[in-house]
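Okay, here's the structure, questions in a sec.
As written, the chains take the letters A, B, C and D, and residue 1 is the first residue of each chain.
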Amino acid sequence: MLVKAAYGKSSVRIVRVTRHGDRHDLRDLTVAIRFEGDYGESYTDGKNTGVLPTDTMKNTVYALAARDGVTEPEAFGVALVRHFLDRNPLLRHVRVDLLDHFWGRIQVGGREHGQAFARVGPDSRTARVTGTRDRTEVDAGVTDLLIMKTGHSAFTGYPRDEFTTLPETRDRILATSLAATWRYTGVPSDFGTHWRAVRSTLLEAFAEHDSRSVQHTLHDMGEAVLRCVDVVESIHLVMPNRHHLPVDLSAFGLENRNEIFVATTEPYGLIEATIAR
Amino acid sequence: MLVKAAYGKSSVRIVRVTRHGDRHDLRDLTVAIRFEGDYGESYTDGKNTGVLPTDTMKNTVYALAARDGVTEPEAFGVALVRHFLDRNPLLRHVRVDLLDHFWGRIQVGGREHGQAFARVGPDSRTARVTGTRDRTEVDAGVTDLLIMKTGHSAFTGYPRDEFTTLPETRDRILATSLAATWRYTGVPSDFGTHWRAVRSTLLEAFAEHDSRSVQHTLHDMGEAVLRCVDVVESIHLVMPNRHHLPVDLSAFGLENRNEIFVATTEPYGLIEATIAR
Amino acid sequence: MLVKAAYGKSSVRIVRVTRHGDRHDLRDLTVAIRFEGDYGESYTDGKNTGVLPTDTMKNTVYALAARDGVTEPEAFGVALVRHFLDRNPLLRHVRVDLLDHFWGRIQVGGREHGQAFARVGPDSRTARVTGTRDRTEVDAGVTDLLIMKTGHSAFTGYPRDEFTTLPETRDRILATSLAATWRYTGVPSDFGTHWRAVRSTLLEAFAEHDSRSVQHTLHDMGEAVLRCVDVVESIHLVMPNRHHLPVDLSAFGLENRNEIFVATTEPYGLIEATIAR
Amino acid sequence: MLVKAAYGKSSVRIVRVTRHGDRHDLRDLTVAIRFEGDYGESYTDGKNTGVLPTDTMKNTVYALAARDGVTEPEAFGVALVRHFLDRNPLLRHVRVDLLDHFWGRIQVGGREHGQAFARVGPDSRTARVTGTRDRTEVDAGVTDLLIMKTGHSAFTGYPRDEFTTLPETRDRILATSLAATWRYTGVPSDFGTHWRAVRSTLLEAFAEHDSRSVQHTLHDMGEAVLRCVDVVESIHLVMPNRHHLPVDLSAFGLENRNEIFVATTEPYGLIEATIAR
């Protein structure tokens, strides 16, 4: 018995150049589309009537970008969602995920060049638009935002059992690769402004927090966003704990005054939570 | 308001060697542990009482493996789940994910060497054990299983709109990187036997199917598992469509008799479904 | 002043299906082509006369595969090298690298299916053909061959200084991801047979060796190939030392009888050498 | 016969925090060390006398960083090279590669925070120091510098054969992931200043160039560095051509006015050259 099913197209890469004389604008997106609906017979009987090919989904991304332009990723996602719902009677639920690769302008002689760009990263902007016959939901996000605190981070007071070896610390490095997604109330305008406000709120809260754990800081960052950006309804944060371990230098006759660390990739702690109004 | 939260340790790498004289056995696992429970105060107030450190989770993996041995990944996951539930009063829901990296024995002079191994892949065996105070659920799976059909695969009869360019085909390559996970009824014994039965059933069904689409073949593979392996309650399959496109050779004065393909990585179709009894 | 230059096309993905009735053969290659020659003016003046576009290099891979078939990767490389040297007067030195992704046949009811395949790995076969107006050299290789010894591996007798903390060991795990390339004397026939002979010789030597270090085992493996496969003129081996560290269980009141290891990915030792007749 | 051999330690991850009251400085490096010398007996006989363990190489990185601090990556590399040559009589040639992961300060209320950082990328700074008993050579570099031009890039005038399908273009996108390494004359002081000068020269030359091919632009960028930064003796540039292909919209009744592109990852052109005074 078919319980749940979805199909779609992923990793559709589109770069759109808009030419204003000598000054070009650039949008560089990776788009994924996912359909759910009354497609049971395509699974059980191989009946493809009504099954929009994923190749056509891809073509639609290019065609709509050409015909209508691409402004903010969230708005482009909304346009795709509406297009697919309008045209596909079997479609019940469509999701469009967008990854926005940001390019800054190269400086030449102190001025921005109009047609030459360098990628800015490593973080990327994300958007997810979900649509049904009844409603549209818009999430925005940031991913791969690598951040580190070298002060105001402790971890103490946890339970100990026979397998505990971790020493308590009042001064450790806290480093993470933040992925956050937040839901807007309705479909606001001016997505770029909101996105920048959330990103800088997350960074400021991380920097300013007196951290007792990753959980503690994650919660504070989420609360700060809800407090500072009123169009945000809820936020989900994922923070892997990229452990930076102090190196034991005592065998070398040296003291580690909390200065020398080995950055590790595995194992890693993984902390996540959703915070809502 | 904290709506939902989880924390844990990922990418715990453990290799266990069991020595039977000259013949060694090898188990090579990557383990991830995830806790949900009454941990709200650690987020809101930085209160760590009752918060088992993720470092201790890691230590527990090594300690239990040393004390009790490691047989099948599912059984090791069940042992970890029970240990954590027993010791952590705030814990409500624990999930242990295991990735089993399989090593075969190197052949020397036609005989298996007792202490030398080569990795067999690229697919890996997976297991997920989920536990609450009331019950334990065991999922097994396979991931990165790369499979390809060069015959008996068609895609026709789909709707066309103004953005459709895909030609219908009655003879295409069908290639995917299968990820499947299935749930057992209760906690069966003899996990290895069941795992091998499901894996070979998936491969045989894929090979034998007269495919009208990825959806159609995916469904047939899932149904075959439910038909052939009675301890499986449901199965979830994810099949990216790794498109192999025939190369247009006409400009070179050559004909492509369905022989020359370019293997592409993006964009890709993505098909998934859950099939249950 | 332009000192040295090269240009070419990388990551050309080609799958060739050969149909013998119900039984299909499959070849799955990634090809890279690299030209060196009298191309200085294309750099200094942007003069493209004589500069074969890398797009045409790609097309040539598909066209030759269609026109002449693909048997062994080395032989296909030789054909490409000759084609490019014949057609491009400015070309002095051409190199073709090939990565051969091996697919085995899926078993159905104990018999090999003619049209369904599963990838076998994680290792891949490699080939490099280098040609000038005067001569052609053929290297073959294997990459990503993950191997592990759980016995007969020691590391002792090394110098100690004030920064040494490593304990000597007479019984450690030795694990590596082997990459080896070997040069044939001239252009032999029967590349597949030689390749299988070298690969199994490498595995057997690794398994049988009484290792005093990675260097020691690497050298023995290379010597074994020169001893057993007479068409091999020299061999280069690269063996990262994928350290498996015994876990200290003493804090848990447990003893580690050389059974429990953490598999690490970084840092890693890196050992390489070329061995010739 | 052992022809050539090297051994060392790779992926040594070190983060050094220097505390000036409330304001911390951060250096985040990945270090690799490679020894060549009179180590033949370790290969042929497993004799480890004189073979410094790679584990000690790693420890030395941490110990020297603790004892002497870390300023510029090139200077730290020089210190490591000298240390290893001083202590290891069998060592003839040592190479230290450093990857410098740059962290910028998080802004809070328009001011730089003293103890909170965000990674800046995706490009990284690289350094390579090579030493023998007679001399020390210092290379610096940049890698993963993603750059794109949407104007002033053409590709015409190339030869056509029976496998040519590429249309000539006077207005294409030129995008690459630049890796450049340059050699300094001797061991200059003030590595950071030189590095910034080279990086901005590369960016400006790329932006301003009227490109007839990747080769043409690569050469111009190299010449600009030699012209503008007098301590640079030679420079090697590697520029993969990350093709951005205009999407054919004619089937949709739309015209592509050079606005809509698909960004591809494979196949890719690969252009490289060394330019010296």
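Methods note: a contact is a pair of C-beta atoms (placed from the backbone, for glycine too) under 8 Å apart; a residue touches a chain by one contact, two chains touch by 3 or more.
Since the model is a prediction, treat every value here as computed from it, not as a measurement.
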By that same contact rule, can you tell me which chains touch chain B and chain C alike?
A, D
Per the definition at the top, count C-beta pairs in contact and tell me whether A-C or A-B has more.
A-B
Of the pairs given as C-D, A-D or B-D, which one copies B-C, with over half of its contacts the same by residue number?
A-D
Most remote chain, CA-based centroid, reference being chain B:
D
Rounded to the nearest whole Å, what is the centre-to-centre distance of chain A and chain B, using the mean of the C-alpha atoms as each centre?
25
Distance from chain C to chain A - Cα centre to Cα centre, in angstrom:
37
Please output the residue numbers of chain C that touch at least 2 other chains, ranges allowed.
13, 59, 63, 162-163, 165, 252, 265-266
Taking touching chains as linked, do they make an open path (line), a single closed cycle (ring), a hub with spokes (star), an all-linked set (complete), or other?
complete
Which residues of chain C touch chain A once you look at their complex with the stated criterion?
162-163, 165, 251-253, 265-266
Complex contacts: residues of chain A adjacent to chain B:
1-13, 32, 34, 39, 42-56, 58-60, 63, 87, 155-159, 161-166, 211-216, 218-219, 234, 240-241, 265-277
Residue ranges of chain A in contact with chain D within the complex:
13-19, 22, 24, 26, 28, 59, 62-63, 65-67, 103, 106-109, 113-119, 121-122, 145-152, 173, 200, 203-204, 206-208, 244, 247, 249, 252, 254, 256, 258-264
